[in-house]
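There are two complexes below, and they share subunit A, which is joined by subunit B in the first and by subunit C in the second.
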Partner chain A sequence: MMRHEFPGLQQQVHGKPLVYLDNAATAQRPQAVLDAINNYYLKHNANIHRGVHSLSESATELYEQARNSLARLINAPSEKDLIFVRGCTEGVNLVAQTFVRSRVKAGDEILISHLEHHSNIVPWQILCEQTGAKLKVIPMNQQGELVLDDLDQLLNERTKFMSVVHVSNALGTINPVKKLIAAAHAKDIPVLIDGAQATPHIKVDVQDLDCDFYTVSGHKMYGPTGSGILYGKSEHLSAMPPYHGGGEMISKVTFESTVYNAVPAKFEAGTPNIAGGIGLGAAAEFMMTVGMDKIAERDQVLKVYAEQALSEVPGLRLVGTATNKSPVFSFVIDGIHAHDIGTIIDHHGVAIRTGHHCTMPIFQFYGLAGSCRASLAFYNTEQEVDVLVESLLKAKAMFQ
Partner chain B sequence: MNNSLQNQQEEIIDTFDMFDDWLEKYQYIIDLGKQLEPMDDALKVDENILHGCQSQVWLVHDFNNGHLNFQASSDAAIVSGLIHLVMTIYSGQTPEKIIATEPEFIERIGLSSHLSSTRSNGLNAMIEKIKATAQSYK
Partner chain C sequence: MSELNKLYKKAVLAHNKNPHNYGKPETWTHHAEGLNAICGDLVEVYLTIADDRLVAVNFAGESCAIAMASASMMTELSTGLTLQDWQNRFNLFKQLMDPNNEQVSYDELGEVNTLITVKKFPSRIKSATLCWYAVDAAIKGQSSTTTE
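So, the complex of A and B:
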């Protein structure tokens, strides 16, 4: 589906057609995104928000249009609730340091889940070191789903914030975040949802979810690297202090004091990744044109096909078998190291990821050092899944 | 004075030249890995772990009669084969010869371009560690 729109997919590696199944690490970009970046540098290259000349104005307009496109993609009430960031990592760190830090003291608790990427663990551990707060974890089960039996105790009077991943990058599990948010809100606990792996696959509606913060990674959703969005409820963003000081985020500076600019500029110090933001806006437009419903539908067809195909590889064990999941497959093959599999199937043109996928606690749970991970996008095909399976069978034969 | 090490390298390079394609080379590397002398589990401790490799690699040595003997092990098959090649060249040699011999075979059999950067970095990390050990016994 829409495969022809992605020039990166039309190449060969080691003399074989590329089968790109590492989309959870980073997706390929459609021509529309490449054109938007190129167009900015070719025709609108100027700094934004401060120039009076034509190029600066048109660059500013493109950048702000991109913010509007992203607001529509996640159904934010206003584009002013969106802060451009480098990615989800920066978004989580920003919220930890500007929103949560002043709300916690020694003995308070921050709640995350066992399925978090390191980027939604480490910023909270840093915060805990700074404040004496404790990190609490919603447990997981063998299927790779969150166990919510003790949620009521985990969300207690000491809990000051909850930060949970929407879709697991390692296992593909789609978490019941709406339910989690409602449970936290019932106790007045604000919530951040890490949406890095959600926006490429499913329709996200931040108003329907009612989350306080939501992070979006540009390069996972067919946009440029180093681009992303932090959505925050406007009342939070207005009340939060700035994260970084510098140009753009001020309205008046003297040596005695500084008056900060309004949201979102208050959080966007320095010249931003202008081309990246514009490219990300183009990615959002592209996805809305294709239709998130169609993308989600195609994902599920691929998921069912790949699940069946992989189950036919002798000795292959899927890691994470949640009922509700995106087309991400972590697996191990008896007696063969993941890196060995990844190296050999690369020579058949197949790109997968091997290792712990920045989620070491998940693999500690399973007692594994890591896994192979094939992560599919809507542009992948059933034939590519077949090539994956054939290459795995060939690799297996080499190691026996 | 490096003849024995250099001869080992040349032999490895000649062997790899006989293979037609990369999968055959990998098969050969994998098979070499299977011949690697198993390492005692007691030696597989954190202080013997080699950093810079994506898979686990342990490296130990002993110095005997002016010669440095190395033993290494990995949990991955391809890395085990690469260890076999490195051991063939460097283990059982004098520190002086080890220091003086560059691992040309990596380049000449095409390992540097055909192994992922993380893994060839791991190979380089192993050789650096071997050379640093040799330096300490010089």
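So, the complex of A and C:
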């Protein structure tokens, strides 16, 4: 689907057509995104929000249009609830330091899950170190699903915040975040959802979820690297102190004091990644034009096909078999280390990721050092899955 | 022969399947762990050093074929060497793995020279060098090292 729109897919690796199955690490970008970036640098190159000249005005307009596109993609009530950030990592750190830090004291708890990416673990460990709070973890089962039996105790009077991944980058598990958010809200606990792997695959509606914060990673959803969005409920964003100080985030500065700008400018100190933001807006428009329903539907078709195809490789074990998952497949093969598989199939043009995928606790749970991970996007094809399977069989033959 | 077949040549695959000096020995004098966490390579080395000589060199751990074969070959080559001679071999091995170095073998490295193709796979050089850095760390009294 839409393959022709992605120039990065039309190339060869080691003389073989590229089979790009490392989308969970970073996706390929459609021509529309590349054009939007180019168009900014070629025709609108100026700083934003500060000039009266034409270029500055048109650059500002493009940047703010991008914010609006992203607000529509995730159905935010207003584009003013969206802060441009470098990616999910920055979004989580921002919330930890400007929203949660002042709300926790020694002995309080922050709740995350066993399925988190390191970027939704380490910022909380830093916060715990700063405040004496404790990190608590929702456990997982063999299928790679969260176990919610003890949720009621995990969400207790000491719990001051919950931060959970929407879709696991390592296993593909789609977590029941709406249910988790409702359970936390029943006890007045605010919630952040890490949407890095959700927005590329499924329709996200932050109002329906009712999350307090939601992070979006630009480069995972066909946009530029170093771009992303933090959505926050407006009452939170206006009450939060700024994260970084500098230009743009102020409305008045004297040596005695500073008056901060309104949201979202308050959180956007300095000259931002203007081209990145505009490119990300183009990615959102692209996805809405294709249709998130169509993307999600295509993903599920690919998922079923790949699950079946991989299960026919002798000695291959899938790691993470959640009922509700996106087309992400972690696997190990008896007798061949993931690293060797990655190198061998690269020579057949197949790009996958090997290792712990920035989720070491998940692999500690399974007693593995890591896995191979094939992560698909809507533009992948059944034939590409077949090439993956053939290349895995060749790797096995080599190691016979 | 394709580059891939040169990388995974028979000798490498054989050492991977039946590594020499593999397994934790009953006794040792020096030990260090070589861990490349990102790619999941773990090589534990156990040395018995007496009179500045490597009397026994063993290794354990799980890793990719390149790291396994390199460790297996390295332990064979190293057993019996004086620490000075071992350092010389280590330096030669670093040169062998240097992508800018055109020399394709060193007599002193023996079978270890079969790893020459690794340097054409930049992401794998760290797998091949891990065991060597682990021995170096053990000799220096350090408990762990990495080449990532």
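Criterion: the second predicted complex is superposed on the first by the 400 of 400 C-alpha atoms of A that agree within 3 Å, B and C clash if a C-alpha of one lies under 4 Å from a C-alpha of the other, contacts with A are read in each partner's own complex, and residues count from 1 in each chain.
Here is the rule we use: a residue touches a chain if its C-beta (ideal position, glycine included) is under 8 Å from a C-beta of that chain, and two chains touch if they have at least 3 such contacts.
None of the values given here were measured: they were computed from a predicted structure.
Of the two partner chains, subunit C is the only one that A:M360 touches; subunit B does not reach it. Once the two complexes are laid over each other on the shared chain, residue contacts for A:E390 go to neither subunit B nor subunit C. Legend: residue contacts after superposition of the two complexes on their common chain; A:E64 is shown touching neither subunit B nor subunit C.
Touch criterion met: A:H339 reaches subunit B and subunit C at once. Residue overlap on subunit A between the subunit B contacts of one complex and the subunit C contacts of the other covers 336-337, 339-340, 343-344, 347, 354-355, 369, 398-399.
Of all residues in subunit C, only 2-4, 7-8, 13, 16, 37-42, 62-66, 121, 123-124, 127 touch subunit A in the complex they form. Interface residues of subunit A facing subunit C in the complex, by the touch rule stated above, are 336-340, 343-344, 347, 354-356, 360, 368-370, 398-399. By the touch criterion given at the top, residues 14, 336-337, 339-340, 343-344, 346-347, 354-355, 369, 398-399 of subunit A touch subunit B in their complex. Against subunit A, in their complex, subunit B makes its touches with residues 22-23, 26-27, 30, 54-56, 75-79, 115-116, 119.
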